[in-house]
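Both complexes shown next keep chain A, but they swap its partner, so chain B is in the first and chain C is in the second.
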Partner chain A sequence: MPRLEFKDLRVTYATQGEDGPRTLTAVDGVNLVVEPGSTLGLAGESGCGKSTLAMSVLRLLPANAKVEGSILLGGENVPDLSWGRLRTVRWTEASIVFQGAMHSLNPVRKVREQIAEALRIHAKALPYKDDAARDARVAELLELVDLSPAKGASYPHELSGGQKQRVMIAMALACDPELIIADEPTTALDVIVQAQVLNVLTALVASRGLSLIMISHDLSVLAATCERIVVMQQGKIVEDGPSADVMRTPQHPHTQALAAAFPLIGDPASRLRLPGYTAPDAPGATAQEKAGTFTAPDPADVVLEARNLSVTFAGRGGNVKAVDSVNLTCGRGEIVALVGQSGSGKTTLARTMLALQRPTSGEVLFEGKALSHNRKALKDYRRSVQFVLQDPSAALNPKHSVYEAVAEGPRLHKLPGNEREIVTAALRKAELNPPERFLAAIPQELSGGQRQRVVIAGALALDPEFLVADEPVASLDASVRAEILALLLRLRCELGLGALVITHDLGLAWNIADRVVVMFDGRIVEEGRVEDVLLNPQHEYTRKLLSVVPTNNVVEDDASVAIGAGS
Partner chain B sequence: MSTLTTSRRSVATARRVQRLREVWAEFAANRAGLIGLVLLGAVILLAFLAPVLAPEETLNVTRITSAQNEPPTWANPLGTDPAGRSILAMLVWGARISLLVGFAATAVSMLIGTVVGMAAGHFTGVTQGVLMRVIDFFLVVPSLVLAIVLSSVIGPGVATIVIAIGITSWAGTARLVRSQTLSVESRAYIERSWALGASDAHVIGKHVLPAVMPLVLANTTLTVGSAIIAESTLSFLGMGDPGQISWGSMLKAALDTGAATGGYWWFVLTPGIAIVLVVLCFTLVGRAFESVINPTLRGR
Partner chain C sequence: MESTLSEPVIGGAVPAPAAPPGGAPAKDTDEPRRGGSWLRYIGAKAGGAAVSLVMVVLLGFFAFRILPGDPVRSLADGRQVTPEQMDILRRQYGLDQPLPAQFWRYLTDLFQGKLGDSYTYNRPVMELILDRIGPTLLLTGTAAALSVVLGLWLGQRAAWRRGSRFDKTQTGLALVFWSVPTFWLGLLMLLVFAGGLHWFPTGGMVTAGVQATGFEYAWDVARHMVLPVLTMVAVVYAQYLMVMRASLLEEMSADYLVTARAKGLREDEVRRKHAVPNALLPTVTLIFLTLGGLVGGAVTVETVFSWPGLGYLTFQALSAPDFPLLQGTFVVFSSIVIIMNFFADIVYRLLDPRLRAS
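Up next is the complex of A and B:
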C-alpha cells in the first residue's frame, strides 16, 4: 500500500474577482503515488499549485478551498476523515516543515516548549505522558537535528536562520510521522546554511526510512535530496521521473526552462549564454551571434573604484566592521559579480559605492575622481551610477504608474528632450515591448519579471555609465531569472553598460559575469576572472561556497569533479 | 506632445476617478458611517441656511415678542432663553460658529501635525531630536490651561479659539504621521529614489505625503469632533466672542442664568444634545473612512 496517493485531485478556490465571484483552479487533476521510504521533489514556479497540493494532505487549506478527488494517506481518504481522526492523523502520520522558519515559530516561547507542544497534544497515543518523558524526547529530537539539547532553552530570536529551520524539522519529527512534507525549507537561507539543512533532512530520511515530499522552485535543491522529481505547471503535473534524468534530460519545455535557469558551473554551454541570448564573446558563439559591434571590456578603463574602504556600524558589545579595507575596481562595460553569504557585508559595500552609506574610512572613486558628499556632486554621480534593487515589488511605489516610475529619474535631473520619448526608449531597452502597453499600468498589474524590468528601465532612463544590482533575481521565479540575467548580459554587450552584481548565487556569476569577487566577513578573499576563480578556487572559503552549490552535487561529469574538490 | 500628455493625464484621471468610486462604494457599505454622513450633511446645510431659516432680527433682543424662559411651544419649538430668544434659532446660528471653529482648528492642527510629523520622521539626528522634544512638550502640556493662557494673551474671539485649539491638539497627529513616515521610508522604493538622485523635498512630496495623506484625512474627521468639544469648553469658560452665539456660549448662558437649577431644561439639554450628535456623526464618519483606508480594521 502506498504511503500517500492522490487520485484525480482537483482543488479550486472561490475568490472575489472584479466582476463577481470567480473560481480559481489551483490543482487540476493530479494523480501521484508516494511509496513508503521514498523521497519525492515537487518543483514548479510560484502559483503552480505545489503548496496547495502539499497542504491538502493534512487538510490545512483555507476555508474557500474546494477539494475534489481523493487523497489517500496510509489508505484513509483525508477529505472524509472525522475531525477527531484528522487531529490524530496530523503530526503522527504526516507532518509539515513550514516555509519561513522565522515566522512559523512563536517568538515569545522557548523552542523546547514549542517542540513539546505536539507531544502534549498527542499524549494519549504516545508514551510521553509526563514532563520528564517529554523533556527527554525533546532532547533526543534536538540531537537528531544536530542541535545541542541546551539550545532548547532559547527563544527563536536567539537562534540563527539555519538553527530555526532545524528546530522546525525537529518539530515535524516529534511524533515519529511516516511522511514529512517540507515546503520550501531552505528558500530564505543562504547557500552554506541551506546545505547544512539539506544534509540533516537527507540523513534523517535515510536512517529512519521516512517518506519525504519536498517542495521547491529550485530543481537543483530537489535533485540533491530526492530520488524522484515531479514538475508542476498551472496545477498539472507536466513531468515525473528520476532526479538525475529530469535534471540532465528534461523532456517538457517548462522543465527545460527550470533546469536551464540553474547552470552547471564549469559547463561552457551556460557561460555568457542564457536561453534567449548569447553574448558575442561566449565560448563557441556562432558567427551570427558574434555579429554586431561588440568590443570586449578593457580592464584598464576603470569606472568605479573602492580604495581601502571600511564601514563600521556601532553595535551592541562593540563596533561591527561590515566592510573592512576593501579595494575593488569595476571596468567600463564589465560585469563584476560580488559573491558571499548573507552577513558578509556585500550589500553594505554596494550601498557605500552608491553613496547611500558613508564610509568610515577610505574612498569611492568614479572615473578617477574621489566622490564628494556635497549635494550637487552627489546628484551628478547618481545620474551616472544606477541602482537595481533586490525585490522589484518593493522597489516601485505601488501608487505610481510605470510611466511615473521610469520618468522619476529624468524629472529629478531635468533631462533635456521629450520626457515621453525618454521613457518609451528606456522601456524598449529593458525589453518591455510595446512600451505604450505598459505606460499606464501600476506595479500590481505586472508580473515579477516585468516589475524588475521597470526598475531597470528607470535606471536606463538616465543613460548611466554603470549599474549596481543587489541580488537582482533572488526574489524571482526560475524562468524569469534567466530572462533578467539575459537582459543584463545584453545591456553589457550592446550598450557597453557594466554592472556590479551582488549575489549569493555562483551560477549567476558563471552565467553573466566577467570577473568575480568573493567576500567573506567584510573582506575580499579572492578575485579574478570567472573561469579562474570558479574552476580553480584558491581560497578555502571560495571552495566551501562552491562545494555547497546543489547543482554540482548531482550531476557527476568532469567539470564538477574538477571543481567539487573542496570541502 | 500635448495630445500625448493629455492622454497620459486622462489615464491618470480615469484611474483616480475609478479609485474614488471604489472608496465611495466601500464607505457606503458601512451603514453607521453613511448615517453619520447624512446627518452631518443636514447640520451643515442648516448652518448654511441660518440667515434664511432664522433671520438675524429674530435674535435681536429689542424686537422680541416671546416671553422669557418659555417652555417649548408651536411658536418656539425648543422654547426660549432668559432673554426671550428662540432656542431653535440660536441653535442654528450656533452651529455656524461651532462647525467653523471645528473645521478651522482641525485644519490648523492637521497642517502643523503633518508637516512636523513628516519632518520628524524624515530627518535624523539633531533635527529629529529637537522636533521630537517639541512634540513631547505639546503632548504633555495641559492643553486647556495653555488655551486659556493663549486666549487671555490674544484676547477673546473666534480666531483666538481656533488658534488655541489648533496649536494644542496637533501633537498626537504628528506622532501618528511620524510613525507612518518611518514605515514608508523603510520601503525599498525610497532607496531607489535616493539612488536616482532625489532631494529631501522630492522624497517627502512625491512618496511620503501621498502615503500619509489618507491617514491624515481619516484622522481629520475624528479631530473635528474633539475640536468642537474644545470650542464648547472654551466658550463655556468665556473665551469666545461674547457677541456671537455658539453651543458652548449657550451652555455658559444657561449656567449663568441658573437655567439648570431653575428647571429650564430646554436651554441646557438642546445645545448639549447638539454637541453630542455632531461629534458622534464625525466619529462615525471618521471610523468608516478609517476602515476603508485600513482594510485590516474591517469587521472589528
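Up next is the complex of A and C:
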C-alpha cells in the first residue's frame, strides 16, 4: 500500500472577481503515488499549485477551497475523514515543515512548549504520558536537529533563521510520523545555513526510513535531496521521473526553463548568457549576437568608488563594525556582484555608497570627486546613481499608477523634456511593451516581474550613470529571475549602464557580472574577474560559499573542476 | 527502498558546512544577540514618567494662574464686602504674594504632601481628594473591569466569526453606544430606570439619612452604582471590542495558526492558545492607556449621578472656581494617566517576549 496517493485530484478556489464570483483551479487532475520510504521533490513556480497539493494532505486548505478526487493517506481517504479522526491523523501520520519558520512558530511561546504541545495533543497514541516524559522527548528531538536542549527555553525571535527551521523539523518529527512534507524549507535562508538544514532533514529522513515530499522552486535543492522529481505547472504535473533524468535531460520546456534559472557555475553556456539574451562578449557568442555597437567595459574608468570606508554601529555590548576599511571600485558599464551571506555588511556598504548611511570614516567618490553631504550635491548624486530594491511589491507605492511611480523621479529632479515621453521611453527600456498599456496600471495588477521592471524603469527615467541593485531577483520566480537578469545584462551592453548588484546568489554573478567582490564580516576578502574568483577561489570563505551551492552536475567535466577546486 | 535511501542521491548529499567537529551542537553562524535587562528598561521608563510628572506639576500651577477672573471676587460673589475684607481673604490664601513666591509655596507644600486649602470648602485640598478618591476608584474600577471583559470577549468572538450576524450586530451596537454623548445617556438612564421605573436610586452613593453598616451598606452602595457603571461601560466598551476584533483578525491569517491546526489542535484551542494571546498584545496597551483616561472621564458621569467622587469634586471646583482644588484634582488625574502609561509599558514587555530583546 502506498504511503500517499493522489487520485485525479482537483482543487478549486471560489473567489470574488471584479465581475462576480469566479473559480480558480489550483490543482487540476493530479495523479501521484508516494511509496513508503521514498523521497519526492515537487518543483514549480509560485501559483503552480504545489503548496495547495501539500496542504490538501492534512486538509489544511482555506474554507473556500473545493476538493474533488481522493487523497489516500495510509489507505484512508482524507476528504472523508471525520474531524476527530482527522485531528488524530494530523501530525501522527503526516507532518509538515512549513515555509518561513519565522512566521510558522507562535512568537509569544517558548519553542519547547510548542514542540511539547504536539506530544500532549496526541498523548493517547504516544508513550509520552506525563510532563517529564515529554520534556525528555523534546530534549531528544532538539538534539536530533543539532540544537542544545537549553535552546528549548528560547522564544522564536531569539533563534536564527536556520535554528528556527530546525525547531520546525524537530516539531515535525515529534510524533514519529510516516510522512514529512517540507514546503520550501530553506527558502529565505543563506546558502550556508540552507545546506545545514537540508543535511539535518535528509539525514533524519534516511535514518528513519520516512517518506519525504519536498517542495521547492529550486530544482538543484530537490536534486540534492530527493530520488524523484515531479514538476508542476498550472495545477498539472508536466514532468515526473528520477532526479537524475529530470536534471540531465529535462523533457518539458517548463522544466528546462526552471533548470536554466539556476546556472551551473563554470558552465560556459550560462556565462553572460540567459534564455532570451546573450551579451556580445559572452563566450562563444554568434556573429549575430555580436552585432551592434558594444564596447567592453573598462574597469579603469571608475564611476563609483569607496575608499577605506568604515561604518560602525553603536550597539549594546560594544560597537559593531558593519563595514571595515573597504576599498571598492565600479567601472563605467561594468556589472560588479557583491556577494556574501546575510550579516556580512554588504547591504550597509551599498547604503553607504548611495549616501543613505554616513560612513564612520573613509569616503565615497563619484566620478573622482568625494561625495559632499550638502543637499544640492546629494540630490544630483542620487539622480546619477539609482537604487533598485529587493522586493518590488514593497518598493512601489500600492496607490500610485505605473506612470506616477516612474514620473516621480523626473518631476522631482525637474528633468527637461516632455514628462510623458520620458516615462514611456523608460518603460520601453525596461521592456514593458507597449508602454501605453502599463501607464494606468497600479502595482497590484502587475506580476512580480513586471513590478520589478517598473522599479527599474523608475531608475532609468533619470538617465543614471550607474545602478545599485540590492538582491534584485531574490523575491522573484525562477523564470522571471532570468528575464530581469537578462534586462540588466542588456542595459549594460546596449546602454553601457553599469551596476553594483548585491546578492547571495553566486549563480547570478556567473550569469551577468564582470567582476565579483566577496564580503565577509565587513571586509572584502576576495575580488576579481568572475571567472577567476568563482573557478579558482583563493579565500577560504569563497570556497565555503561555493561548496554549499547545490549543484546538479550536468556538465561533469567543467563543473566538477570548478566545485572540486572549491571544496 | 532501504538500499536506495542509503545511497547518496544524485549530485551527492549537500556538503556539510564547516561545522566544528564533535557531538556538541555547533555555534551557529547566524546566532542572534540576546536582549537587554529589565533594570535598564524600567529605569528608562520610570525616568520618562518622572519627567512627565514634573511637567504636570509645573503646568498645574501656571495653567490656573493664567485663567481670567479674580478668585477672591468670585468668592465674595453676591455679598457685600469691603476692600479690607478682600485684602484679608487675599492674605489668607497667599494671593497677595508675587507669583514666584506663590510658586515656591506651592512647591514646598507639594513636597510635604499638601496641595493648599480649598476656597469653597475651607479644608485642605489633600484631605478632600483623599475623601473622594475612594468612591471614584470604586466606580471607575468596576466600570473598567466590566467593559474590558465585555469588550475583549465580544471582540474575539466577533473576529472569529467575521461577517456573521453576531459580528454585525455586536459591532453596530457597540459603535452606537460609543457615539452617544455620556451625559445624555446618563440622563436617559436616570429618566427611565430611576425616575420612571423606580428600580434604582437617582443619585449619590448611599441613601440619605440611613446609617447602614456591613452587608446592608454594601448592598446600598451597589444599588447606587448600577446606573453610573452601566453608563460608563456602555460608552467605553466599544473601543476594546474594536481593537480586539481588529488585532485578532490580523492574527487569524498568521502562519503559526496553520502550524497549530496541522498539529491536530481543535479549533477553539487554536483560538484560545495561539491566536488570542497574540491578539491581546496591542489591546493591553490600549487598556492601560484608556484606564487613566477613564478616571478623568468620570467627571460627566459622577456629575449626572451626583456620585461623591473626584469627578464631581472637579465639577464643583470648576463652577466656583476654586483654584487650589482644581489644581489638586488636575495633578491627581494627570498622575494617574502617567502611572497607567508606565504600567502599560511594563505589562507589554512582560507579555511580549520580543520586546524583552529591545
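Points to keep in mind about this one:
Everything that follows uses one rule, which is that the second predicted complex is superposed on the first by the 554 of 567 C-alpha atoms of A that agree within 3 Å, B and C clash if a C-alpha of one lies under 4 Å from a C-alpha of the other, contacts with A are read in each partner's own complex, and residues count from 1 in each chain.
In this text, a residue touches a chain if its C-beta (ideal position, glycine included) is under 8 Å from a C-beta of that chain, and two chains touch if they have at least 3 such contacts.
All figures in this text were calculated on a predicted structure; none of them were measured in a lab.
Of the two partner chains placed around the shared chain by superposition, chain C is the only one that A:T225 touches, whereas chain B remains out of contact.
When the shared chain is aligned, chain C comes close enough to touch A:F98, but chain B does not. In the superposition on chain A, A:Q341 makes contact with chain C only, not with chain B. After superposition on the shared chain, chain A has more residues touched by C, the comparison being chain B against chain C. After overlaying the two complexes on the shared chain, residue contacts for A:D298 are found with neither chain B nor chain C. By the touch criterion defined above, A:V548 lies against chain C but remains apart from chain B after alignment on the C-alpha atoms of chain A. Of the two partner chains, chain C is the only one touched by A:D190; chain B is not.
In the superposed pair of complexes, A:L356 makes contact with chain B only, with no contact to chain C. Within the complex, the chain B residues that touch chain A are 1, 4-5, 8, 11-12, 15, 187-189, 191-199, 202, 206-207, 210-211.
If you check the complex, the residues on chain A that touch chain C are 35-39, 55, 58, 60, 87-92, 95-96, 98, 100, 103-109, 117-118, 121-122, 143, 146-148, 151, 155, 157-163, 171, 190, 192-193, 195-196, 198-199, 202-203, 206, 209, 220, 223-227, 242-244, 247, 315-317, 341-343, 544, 547-548, 550-553, 567. Across the complex, chain B is touched by residues 354, 356, 375, 378-379, 382-383, 386-387, 389-391, 394-397, 399, 401, 403, 408-409, 412-413, 418, 420, 439-440, 442, 455, 458-459, 462 of chain A. Residues of chain C that touch chain A in their complex: 1-2, 4-6, 9-19, 24-26, 28-36, 254-256, 258-266, 273-274, 277-278, 281, 351-354, 357.
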